[in-house]
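Take this structure, written in C-alpha cells, and hold onto it; I'll ask about it next.
Order as written gives the chain letters A, B, C and D; numbering starts at 1 within each chain.
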Amino acid sequence: MTGTVEKDPYTTDEMMTVAASRELRDGAVCFVGIGLPSEAANLARATHAPDCFLVYESGTLGAKPNVLPLSIGDGVLAEHADSVVSVPEVFNYWLQAGRVDVGFLGAAQIDRFGNINTTVVGPYGDPKVRLPGAGGAPEIAASAKEVIVMLRHTSRAFVEDLAFVTSVGYRHGGGSRQELGYSGGGPAVIITDLGVLRPDPETKEFVLTALHPGATVEEAREATSWDLKVAGEVDSTEPPSDKELRVLRELRARTERARGTRA
Amino acid sequence: MGGMDIGQDESQSIVSRSQDSGVRKAGKIMSLREAVAEFVRDGDSVALEGFTHLIPSAAGHEIIRQEKKDLTLIRMTPDLIYDAMIGMGCARKLIFSWGGNPGVGSLHRFRDAIENGWPEPLEIEEHSHAGMANRYVAGASNLPFAVLRGYVGTDLPEVTSTIKPITCPFTGEELMAVLALNPDVTIIHAQQADRRGNVALWGITGIQKEAAFSAKKVIVTVEEVVEKFEARPFGIVLPSVAVNAISIEPRGAFPSYADGYYDRDNSFYEAWDPISRDRDEFRGWMERHILGVDSFADHLRSIDTEEAAR
Amino acid sequence: MGGMDIGQDESQSIVSRSQDSGVRKAGKIMSLREAVAEFVRDGDSVALEGFTHLIPSAAGHEIIRQEKKDLTLIRMTPDLIYDAMIGMGCARKLIFSWGGNPGVGSLHRFRDAIENGWPEPLEIEEHSHAGMANRYVAGASNLPFAVLRGYVGTDLPEVTSTIKPITCPFTGEELMAVLALNPDVTIIHAQQADRRGNVALWGITGIQKEAAFSAKKVIVTVEEVVEKFEARPFGIVLPSVAVNAISIEPRGAFPSYADGYYDRDNSFYEAWDPISRDRDEFRGWMERHILGVDSFADHLRSIDTEEAAR
Amino acid sequence: MTGTVEKDPYTTDEMMTVAASRELRDGAVCFVGIGLPSEAANLARATHAPDCFLVYESGTLGAKPNVLPLSIGDGVLAEHADSVVSVPEVFNYWLQAGRVDVGFLGAAQIDRFGNINTTVVGPYGDPKVRLPGAGGAPEIAASAKEVIVMLRHTSRAFVEDLAFVTSVGYRHGGGSRQELGYSGGGPAVIITDLGVLRPDPETKEFVLTALHPGATVEEAREATSWDLKVAGEVDSTEPPSDKELRVLRELRARTERARGTRA
C-alpha cells in the first residue's frame, strides 16, 4: 500500500511450490494431485503458463479452479473445466494414451533412482506404518512424458532402499526403466524444501543441481540416506518473485475464505 | 469369496444372477433401512463409491447400524465411511487403491486394523486407481479381466494376486491383466431420482457408473426426487432398469460434496482425525452419533447439537 | 500397413507420434481444404466416423476432390460417403462392420468394388459393431488389443486376421481379442466449436470420442463457432488439446442429421440408389457435383439447382 | 367414424409386425434394429407393453420415439430417451453384460438351427452378392436373453447350408450352442410372413408351430429349402386386432408426415 515494497520473507513450502511451478511450460497438459502440486500448477496457470491444461484424476479436463480444491472431488474443478469425464476415461484415454506432458508425484520414500514408495514402511504383511497406497501414482510414473516429484528433504524420505516400490522411477538406473516398456520418460526433477535434484543423463542417479536460498550442500547430504551426488556447479534457485509470492498468497487467501464459508 | 469369484461363476450374465424372472423390475423407492436390510447380507462384497464427491455416507451408517459382518468392502478411496465401518468390525477384507483422509492425513481405524488387527484382522487387496477403475469397467462389461499398461516394475503384483501378466495375441507385447470386480451390491449417492426411478448425477461422476453396472444389485441414495431432470453439463443418468432400490437421503453424502446441493464440510474431515485416533473415543462417538440414532437425518442433528453445546 | 501396425510401433504413445515438441498445439481453425491437404496423405488410414448421425460428408467430399489415393478407410457404417470415396478410387482397403444405405438398400459402389474389383480391387477387413467399437476403445487407451465375448462360433475369425482367441489369466476362460485401431487421421463432424478450439457434440454421439482419441491426428468439421457451449443433455466436449484442426462447414453432415441443426434428408438417401447403381451415371454425377465444385457449400447449391431444374 | 367398423384387410408385413410385437412382454429390455423390429417394438410399447425399455445400438436407452426412426442415428431416438451413451457402452455395459431381455434380428439366410448369414452369398473371397455384413447382430445373437428373428419366408432365405455364419443360433443343434459359452439363450422364435417357427426343445431345430391366416403348411414347406418340420398341432395366428392395426397405421402415418416435412 505504501510506495516502497519490502521483500517478503517466504516459507520453504512456498519456495518448493514456486520452484515446481516454474517447471511447467505454457500449454503443457499437467496431471495434478491435491496439495502442493495443485498449488504449483495453479500458480503457474496464474503467472507464466496461462494455457497450462490441468487434468485431475477425478476426471476434470482443463480445470480452472479459482480456489485450491480441498480434494480431488471438489466442485471447483468441474465448474469451469472444459470437460468432465469418468475416472476410467481419464486414466485410459488421457494418461495411458500418452496425452499427459507432466505429472506430479509426492512420496513417503524415494531412492536415488527416483523410485517411490507410498505403500508401507516395514514388512508388507506386518507393517510398521501403513501408508495410503498407490492411488494414481504408478500410472503417472509410467505414462506421463515427464514427472515432477515434490517432497520434503529428510533422511527418512530419501532412503537407500525402499520398503516397497509403488511407482517406478529409473528402476535400477541406466537403461533399466526402458525394459519395462513404459511410454513415459520418468522423473525429470525432484524438488525439495532444500533444493533441486536432476537425474544424471547416463546413470539416472539423482544429483543435487540447485539449492534454494539459505540451504547448504551439507544440509542436503545430511537429509539424504544415500551418499548424495552433487553437481560440479550447484545453481542457486532464484527466490520467489514478488509476483509469484503475491499470486500464491492470494490463491491461498481466496481458498481460506472459501473454506470458511463452507464449513 | 465375496465379489472375487466372478468369471468362474457358471452364469456369465451379471444381471441374470440377481434376477429370478426374465423381466427386470425397475428401481423402486424404499427407505434406506429397508434397502440395506433387503440387499446387503453378511459376507457380501459391497462397493460404496463416489470419488471424494457424492460419497454415500448415509448408506455406510445404515450398514453400521444394522451390524453387517464379514463384508468385503470395495472402494477406490476408502475414507471416513470405510474407516468407521472397519473400526466397527463390519469388514473382513478391503479392496482399495488409496486409503487416507483426503487433505487431512491418515485413516486411523484403517491403519489400526492393518497394523494391529483391531478390532479384527483385515485382509487387504490393493491396486492403483487405474487398476481399480479398469476392474470395474471389466465387471460392468461382463468380462473376467481388464488389461492395462501399469504395475510392471512395481511390487504390487507380488502382493496382489488379482494382477497377472497377459500377452497380446497380435503383437506379443506383455501387459498386465486385472481381475474384474463384480460386487454383490454397489451403493452410490446421486443428486436426483425421477418418479420412474431413473437416477441423475452431475459434476464429478467418477467411477459411479461402472461401479453400479458391475454389481449384481444397486442401491442409490438421492438428495431428492424430481419430476424431470434438467440438462446439466456432463451429467449422467442411470436408467431405472439398472437400479434395484432408491432411498431419499437429503445430505446423504455429508461431509462430502453434492454438486448443486452442498460443499464439503471440511471441519468434519478435520474433526475425524481426533475422533478416530483413539479406540475408546472412536467407539464412544460411534455409539452417540451412529448406533444411538435412527437415521442419517438424526445423525446430522446429533452432531449439530454436540457442536452447538461446545 | 496404414493404421494397423499399432502396438508394434516403437513409441507406445499415440499422441507423441504426431507431436514433434513436448507440448501440444491446441486445435486451430483452418479451411477444410487446408486441413485435408495438411493432415491426410496418400496411403494413410483414415476414419470418418458418425454413427448415422453427424456423418462428416463435407470432409469425405474434400478427400475426393483432392484425389487422395491408397487410403485404408475405417468406419463402422460405410455409407454414402464411403460409397462415393470407394467408387472414386480413393481406397485400397476398407475396415468396417456394416455396409449399407440405411433404410434404402445396398451400397452399389461398395458392392461393385468387392464383387467386381471396380474401379480397383478393395481389400476388406470386417468386424461386428461391438468388435469395431472395442477396437477404437483399445486404440484410444493406447492398448494393442481389446477383449470381448463374441465371434465364437461365427465364420468371422476365419476371414478376419484381427480377431484372435485369448485366455483369461485368472479364470482360464477363452474370449476373443481384437486388434486396436489407431487411424492416422480421424475426421468427425460436430455441432459446435468454441474460440479456444474445444468441440461440442450432442444427441447421439456414437463412437466419435473413441475414434478421435484413437487417432494420431484429428480433424473436426463444425456447424458453427460459438462463444460458449450451453448445457445439453448427454453432450460431450473434446478439449482443444485433443484436436488438430477445426473447419467450419455448415450443413457439413448433409444428408445425415445434425441434432439441433437439421434432420436427415431422406430423399437424398433414396436418390443415391439410382445415382450410384450405374458406373457412368455415378461418375457423371460425381463430376458435376463434387469434382466440379470448390466446396461443400457449392456442392449443396449444385444439387439444389439440379433438383429445382427437374 | 360410423357406428359399425368393418374389419380392415391387412398386409403380410403388418401381420409379421403384429405377431412380433405380441412376443414382447411389458417391462422387457429390448435391443431394437431399424425397420420391422422397430415397428414391432414401438407397436408393443403403444399397446400392451408401455414399459418396454427400448435400446438402440446407437446408444439410446429407454428410447420413446413418437415416429419411427429413419436410421439408428435418428434424433427421435435421443429426444425422449432416459439416457444416451456411447456405442462401446451400449454394447459392453448393456448387451454383453446380459441386460438385454429380447433382441431382434433380421437375416438374408437362416438355417434350420436359426444360424444367420448377413455377410455374403457365394464364396467369401469371390462373392455373388456382397451383403452389408455383421453390424450388431453377432453379439445380439450371443448375449440377448432371447432373440426374435423376423424375415420373409422364401426358399432363398430358408436354406439348407449358410454361405457364411455371421450370427450363431443353435449352431449344430442340441446342446452345441452352450459349448460356445454365450450367456444369451438363442433364437426363441422366427416370425415370417407365413407363420411362426419355434425350436424343438431337444434338437433345437426350428419347427412350424403357427400359420398366419390364409397361409398353408404347403406354402411354408415350399418356401423352405430344408425338409421343414411341422408341429403336431399348428396354431392359427390371431389376426391383427382393430387396435393393433389402428395404432400401427397411425405410427406409420405420423412417420410419413414427419418424413415429408424433413426432406
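We take it that a contact is a pair of C-beta atoms (placed from the backbone, for glycine too) under 8 Å apart; a residue touches a chain by one contact, two chains touch by 3 or more.
Note that this is a predicted model, so its numbers are computed, not measured.
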item	value
Any chain in contact with subunit A as well as subunit C	B
Comparison of C-D and B-D (more C-beta pairs in contact)	C-D
Whole-Å gap between the CA centroids of subunit B and subunit D	40
Length of the line joining the C-alpha centres of subunit A and subunit B, rounded to whole Å	29
Averaged-CA centre spacing for the pair subunit D and subunit A, given as whole angstrom	57
Residues of subunit D engaged with two or more neighbouring chains	83, 92, 96, 143, 181-183
Multi-partner residues of subunit B (each touching 2 or more other chains)	12, 142-143, 148-149, 173, 209-210, 233-234, 237
Pairwise chain contacts under the document criterion	A-B, A-C, B-C, B-D, C-D
Residue numbers on subunit D that touch subunit B, as the complex places them	25-29, 51, 53, 61-62, 82-83, 92-93, 96-99, 101, 143, 145-146, 181-183
Residue numbers on subunit C that touch subunit B, as the complex places them	7-8, 12, 142-145, 147-149, 162, 164-166, 168-171, 173, 175, 177, 179, 229, 231-235, 237
Partner subunit A, residues of subunit B touching it in the complex	50-54, 76-77, 96-100, 102-103, 106-107, 110-111, 114-115, 126-131, 133-134, 136-137, 148-156, 159, 173-174, 203-207, 209-210, 233-234, 256-257, 259, 263-268
Contacting residues of subunit A [partner subunit B, same complex]	34-35, 57-60, 70-75, 77-78, 83-88, 91-92, 95-96, 119, 124, 127-130, 132-139, 142-143, 164-168, 171, 177, 180-183, 259, 262-263
Subunit A contact footprint on subunit C (complex, rising order)	11-16, 22-26, 140-143, 196, 198, 209-210, 213, 236-242
